[in-house]
Structures are given as structure tokens and as C-alpha cells.
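I'd like to ask some things about the structure below.
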Amino acid sequence: MTGIVGYGTKIPRYRIKVEEIAKVWGADAPTYKRGLNLNEKSVPAPDEDCATLSVNATLNALKRAKIDPADIGAVYVGSESHPYAVKPTGTIVSEAIGACPYVHTADLEFACKAGTEGMFIALNLVKSGAVPYALAIGADTSQGAPGDALEYSAAAGAAAFIMGTDNLIAELKDTHCYMTDTPDFWRREYKHYPEHGGRFTGAPAYFKHVTGAVDAILGKTNMKPEDFKYVIFHQPNGKFPVLVAKKLGFTEQQYLPGLLSPTLGNTYSGSSPMGFAATLDIAKPGELILLISYGSGAGSDAFIFETTKKIDEVRDLAPMLRTQLDEHKIYIEYGTYAKFRKKILLPN
Amino acid sequence: MQVPRYWREIPKRYRLEAAQCKKCLNISFPEKFSCPECGSRDFKTIRLSGKGKISTHTIIRIAPEGFNDQVPYGMGIIEMDEGPRIMAQITDCDPEKLKTGDRMIYQFRRIREDGSTGVIMYAYKFVPDVGI
Amino acid sequence: MRKLAIIGIGLIKWGELWEKSMRQIAAEAVYKCLEDAGTDRIDAMTIGNMSGGLFNGQEHLSSLIPDHMGRKNIPAMRIESACASGGMAVRTACLEVASGFSDYAIAVGVEKMTDISGNEATYALATAADQDYEAFHGVTFPGLYAMMAKAHMDRYGTTREQLSSVVIKNHYNGSLNPNAQFPFKITSDQVLKSPMVSDPLRLLDCSPITDGAAAVLITTLEEAKKLKKQPVLISGIGHASDSIALSSRKDLLKLEAVELSTNKALEMAGKSIKDIDFAEVHDCFSIAEIMILEALGVVAPGDGGKASSDGLTGLNGGFPVNPSGGLKSKGHPVGATGVAQICEAVTQLRGEAGKRQLKNIRTGLTQNMGGSAGSSVVHILEVI
């Protein structure tokens, strides 16, 4: 058996509302809110980045996993905002959590699905018996170009999953992937902000790959949408996951617990993993969960998990995602946001 | 920032590793060469829990080089539940609302960068312990 | 151990001395001192300087300064103890003479802080703190003292007004000192309107950045009696260190180094604090003077603030402190401060302090400390 031994998340405390951003660019806030089903998003403090969010999320995961961090044999950090272009985030995280020195690490990137990429690798590594525990993290402090549609959603957060073979709180049932070369969103080296293909990011990108992955995994396992208690889709905004859920035959009760983007924004590599963590926070034992990520470029990873009795024993050992999301928020205005996100030109 | 000097401090900065005297059980952070209480040189490495309370604090409004964009920021001496006191930044809060005795908890955070091309430095900071 | 006396003092006007270099101001102070002493004999030189390296890119002052004086071959050495470098240089010069190694030893303190930017100067000063466990995290010197101030206010109820009273008193004294960097009075309102640097300390609670130098010539009492100037005896010297980092100290409000160095000096002089008529102390920040007053034993712990606002430390008070104007008004060229304190004490004891002259004094105390009181050196001076 292979699955999740512990999970944890970290959301920065700062928030900015859609209205604040729209005000500065002279945009119509209600249109954005309706069109994207977004109200506000998380903002990382100047002293937070992909590495710090990863560490703090993992420390929460360790509280639930209750293992010696030195037994973690592999650490994978998926992000599109790694602090260094060359020098792994994984080494920083491994040192901070106490996994060094007998640990394999790699930094991953695949737009928003780098987190589930790590999960895919970690699960299979543990399944093969190569390591006793493997850690997968999806963490981002993504940037949206000022005034661009993506500025309303680009947010920050991290989810960490420790995979193992016993004391599981959720067992992995199956995985599948669907990937093609589709240039819907990218960022060139040395550039600060990404670019995207506008409406091209919809049907030929997000919807095609998510649908492809869902069809493939349901076909392989001979299952139907109604078999699942919960489903989590990648959530670049609050609209896409709702549309694709409806299209594929999933209900609101299934996707609502994992739908975070209306108040969190798009945490990119953290997006569907965090939705999954929020679902684990409320799932009862013996429930089937379908997790579908999406990363531009493009591809989707699909996972089927079933919760065990242990989920009830561990969820209170670390802060729940919705507690972090809904409570203790610090709202900031655009000036502070621009300063925090280093959008202001400073000397040297 | 001299890279070896930063790297040497990683166990303390990343994991709050302290030294407990095996003879009198006094905990030092950072470790001293010999125990400041009993003089013994026999130590055990322990990880502090990261929980403590504010002993005293201030708000830095004129910052040293490398910290200008964080102004104003809270700076305090946090007394760990295990005993040792640690000086660190206090973040994720309005520093004007901090009070002596406030419960704090450790968070791994970014301290500063060595310019736009140098290393990024990480270490402990403390945040108000609000349960998340 | 031979008896020690000061027979010459030399002080230049302090401030932003754009036209003068570090070697120039040091030489100037030395020559003024020799002129005052009525001799040009120097067997050894100690140089109090915190960081020629960081402020001026220049080390090896032990060669530079005698050379620039036009008198190479003088055995010299630089003594460093952050802001206590000057006091330590005096102590070392005393040792030279007391031990019999030299008969005439000159201590010159010098710091030239304005050749670099304010930011760079702040960095250089911060090297007096614990680099890895304090400065690394973004704390400044005002920040360290601000934390002590907050703790003092928490425990003893010390008020903002009491902090201001130190600044106002020192500036009043400084306005009567022709060598001071800022020889003007300051009002309570001005203190309160100055920008906050690190809560609760404002800009006017903090000593400035200054260029300056000072020198004192020390010899044996026997030699001193041969020269025409009235000798001032150094009857007590005390010196101690404490944890460099505030967080390592058991009691944040106990300046152990100051207490110990004071007690040792008093013991050597065969005196108690009640026998001391006045003091020049290290008021790098307003709160420092309050805490030092308590560490000296002049008042009980916690009463320093009230003593200051009640006037105990004024020129006409029961225990005048910093008649020169202190670091706040006369300036704080780091390595020179400790030496200048001796100059003021000697000037007062000789009766040459003009408008700021204290009455009926026979014994004075100087106290010079480094960083957040990680080191402290105390001298007791008296007229015979």
C-alpha cells in the first residue's frame, strides 16, 4: 500500500481585494469578480518565498505524520517561483526540516502542476521501495504582470505531502497523466512576468487536458464521477474548475470543499494540492477523492485517493487550511502590495 | 555576506539547534564553548520547540543596509519556553500592537539577500502565536 | 605599582571636520596635549580607535600616527573595544607607566566617521554588536538600546519625559562647552518632534556621528610634580566585560560590566561611590545614562529616570553627570570619547571649566563602555 502519511499547508496572512487592484488600473471590479469568481487573493510578505512557504507547510505536515524527518529519503519541490535560477529549493527545505544528509532532492517546474508532479514521483518512489518516506511540495509566490488579468489571481501558498507505505491517512488507488506540447502560458528566462495566450488558455489548454486526464483515469479504473465523494480540479480562478466539473458530471457538493480560489487566488503549483489538503481537512474515513491538476505547457496529473480511519486522528495536529485562509487575515492596499511584490523600481 | 559564515550557522538558523549542558541541563542558544552556568564542556544538541514569549521589543524605523524595504519592522528578544532568549525579527503583525509577554512561535523566513546576485539568507523569525 | 598622574590634556573641536583627515586630527590632539603638559616626551603611545579599517580603510595606526606627527619610532599600539576603545587606551597607557615600562605614556583617541556614507557608518558601528545573533537579523544600535529602554519602562515605569530630561540636561551643559559638536540647548518639544528611530528612542535620544580626537599624557606622580601644571591623580582603574549579545544576559537591565568595572575602580582608589563628586559617563543614548547611574550605585535600580528629571545630575545637582555635554551634545567620535571624558574630568578638577565649572569638587569618575555595555572601563581621578 502507498499513500499519504501526513499533509500540511501554509498560507501567508496578507490579502488584497479585487477592488483594490481594479481601482489602480481603472478596471471594472464587478466584471472581474463575476467573470473569474474571484474576491481576494493571498499576498506573500517580503520575507516569504517558495522556500519559506515550503518549509512551514512541511513542518505542519510533519506534525501530522509524526515521523522522524531524518527518515525522509526524498524531497521534491514543485514551483514556478523558485528563489534561485540555479541552486535547489530542495536543499534549503531538506536542511530546515532535518532530512539531511541522506536524502534525494530535485526541484521541479511545470507551471501549475509542479506540485502534483512531485506527488507523482514521491508516491512511485515509495511504492518501489527505494525510500521509506518521500516529501512532495507544491509552493509558489507567483507574479502577475501589473494590470494584466493574471494580476487579480496570482497568489501564494504551499501544500506538503509526506508519502509512505504504512500508517496511511489516505491510500493511493491509481494515477494517470495526460500531457501534450501546448504553449498556452510561459515565461522566458530573465523575464519578471509570464505571458499567456489569452482565450487560448481555455478550451485547447485547461479544458482539453483536464478532461483528457479525467477520461483516462476513469476509463482505466472503470469508475464514474458519482463514485467519488470529492473532486479537486486545478483552480486558476473560481470559474474554470466549476465549468469543467459541470461538463464532466461532478456536483457542487463534490468540488466545493476543495474550491479555494475565490478567496485564495491561484497558488499555481500549490493550487490543486491545497484544494486537496482542504478536502482532507473535512473528509471522513473511507471516502474516495479525485485530484486533477493542470499545468500550462501543458499537462494534467490525475490521482485517486481513499481516506483511512487515521485521517480523523491527525487532522487536528496542525492548522487547517480554511483556518489559515479565513481567519487572521491582514488586508493591504495596492501600494503596500506593489512594495511587497517588488513591483516598484528601487535604486540598484 | 561571506558565504562560509552564513553556511556555518545553518543548524541554528534553520532548525533552532541549541546546546544543553549534560551536567547542569542549562540550555544555551547560541552554544558557548563552556557552559556559562557550570563550566562543563559536555553538551547535547537539542532542537528548541520554537514557542516562547516577548521579553522586550522595539520597532526599527531606520534600518541597516539590506533591510530598508521591510521598515517598520518589529524586533524583539523572545524568551523560549525552554529558557534561552533569542533576538529576532517579529513579523506577520502590526508591530505597534505588540506587547511584552505576547506568545510567539517560530517561522522559517527570508532575512535578506546579498544584493541582486548574492546568496539569499534564511533564518528564524517569530510571529504572534494565533494558532495557525 | 607606581602612582599615576595626568599632566597634559589635548582636545580639538569636534564636528564634521571635512578638511581634516584622521591622521591630522590625531596629531593635532597629541600636540595640544604636549603643549598643555609642557613637555614633548613620549615613551609609549596607545591609540584608541574603534575601526580605522571600516571608517577609513586604514589600519596600522600604530605606525601612521607617530609618523604623521613627524616623530616616527615611538612605540605605539591601537587598542580596540568598540566605543570603549578610548577608555581602554587610557587604561593601557596607565599600565605602561604603573608597571615601570614607560615613564611618559600618551593615550590618543581618534575616530574619523564622516568619510563614508551614513549607511556605511551605521554598518561600521553595528560591528560592536553580535554579528551573527543580533546584527544579522536586522537590529541596529538604537534598536538594542530601545529594547533596554522598553524593558526599563516596563519594569520601573520610566517615562518618555525622564528620557528627555537626560537629553535636555546634556545639551544645556554642551551649550557651555566650546569644543562640543552641538553647543546649543534643546527643548522637550524638539525631542518629542524628532523622528522615531526605534521605538521608544527618537533621533534626539541618540548620540551623533562625529569626527574628533583627544589625548592625555600620563606619567608618575613624582615626574608630574616636576612640571608646572597641577597634576591630577589617577587613583582607581576598573575594567570588565559582559555578554556581547543582549539576549545572553540574565537581566537585561543590569549593566554588569559597568557595575563590576566601577566597583573595581572604587576598590583600587579606596573609595565608595559617595566619595565621588561628579562623573563623565557613556550616554550613547538617553536611556544609557539612566541605566549607568543605577549601575554606578548612585541611585537604586529603577530610580535613574526620576533622578535625571529631578535634577540630581545637573550642573548644580547633588551628582553632576556629563558636565561636558556628554556624548549627546559634545559628539561621539567613537575611539576618542573615552579619552575626552578624562580631558573633561581633568579640566573640571583643575578649575578650568569656565561657564560649566562644577564647585567644590575633588574626585571625579569617568565611565566608558562598548556596544550595548559588553565592555566597560572606569577611571577615578582626584586632585591631591
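For reference, chains read A, B and C in written order, and residue numbers begin at 1 within each chain.
Convention: contacts are C-beta pairs under 8 Å (C-beta built on N, C-alpha and C of every residue); 3 or more make two chains touch, one makes a residue touch a chain.
Model, not experiment: these values are computed from the prediction.
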- Item | Innermost chain, where centres are averages of C-alpha coordinates | B
- Which of A-B and B-C has more C-beta contact pairs: B-C
- Length of the line joining the C-alpha centres of chain A and chain C, rounded to whole Å: 59
- Note on the structure: Whole-angstrom distance, CA centroid of chain B to CA centroid of chain C, is 32
- Task: Could you put a whole-Å number on the gap between the CA centroids of chain A and chain B?
- Result: 30
- Query: Residues of chain A touching 2+ other chains?
  - Reply: none
- Message: Where in chain B do residues touch at least two different other chains?
- Response: 70, 89, 111, 125
- Counting only contacts in the complex, chain B reaches chain C at residues 5, 9, 30, 36, 55-67, 70, 73, 75-77, 84-89, 100, 111-112, 121, 123, 125
- Message: Please output the residues of chain B touching chain A within their complex, sorted ascending.
- Response: 10, 14-15, 47, 69-70, 89, 91-92, 94, 107-111, 115-116, 120, 122, 125, 130-132
- Task: Going by the contact rule at the top, pick out the chain C residues touching chain B in the complex.
- Result: 119-120, 122-123, 126, 132-140, 142-143, 146-148, 150-151, 154, 195-201, 245-248, 252
- In the complex with chain B, residue positions of chain A that touch it: 13, 45-49, 51-52, 55-56, 59, 83-84, 92, 95-96, 98, 319, 323-324, 327-328, 330, 339, 346, 348
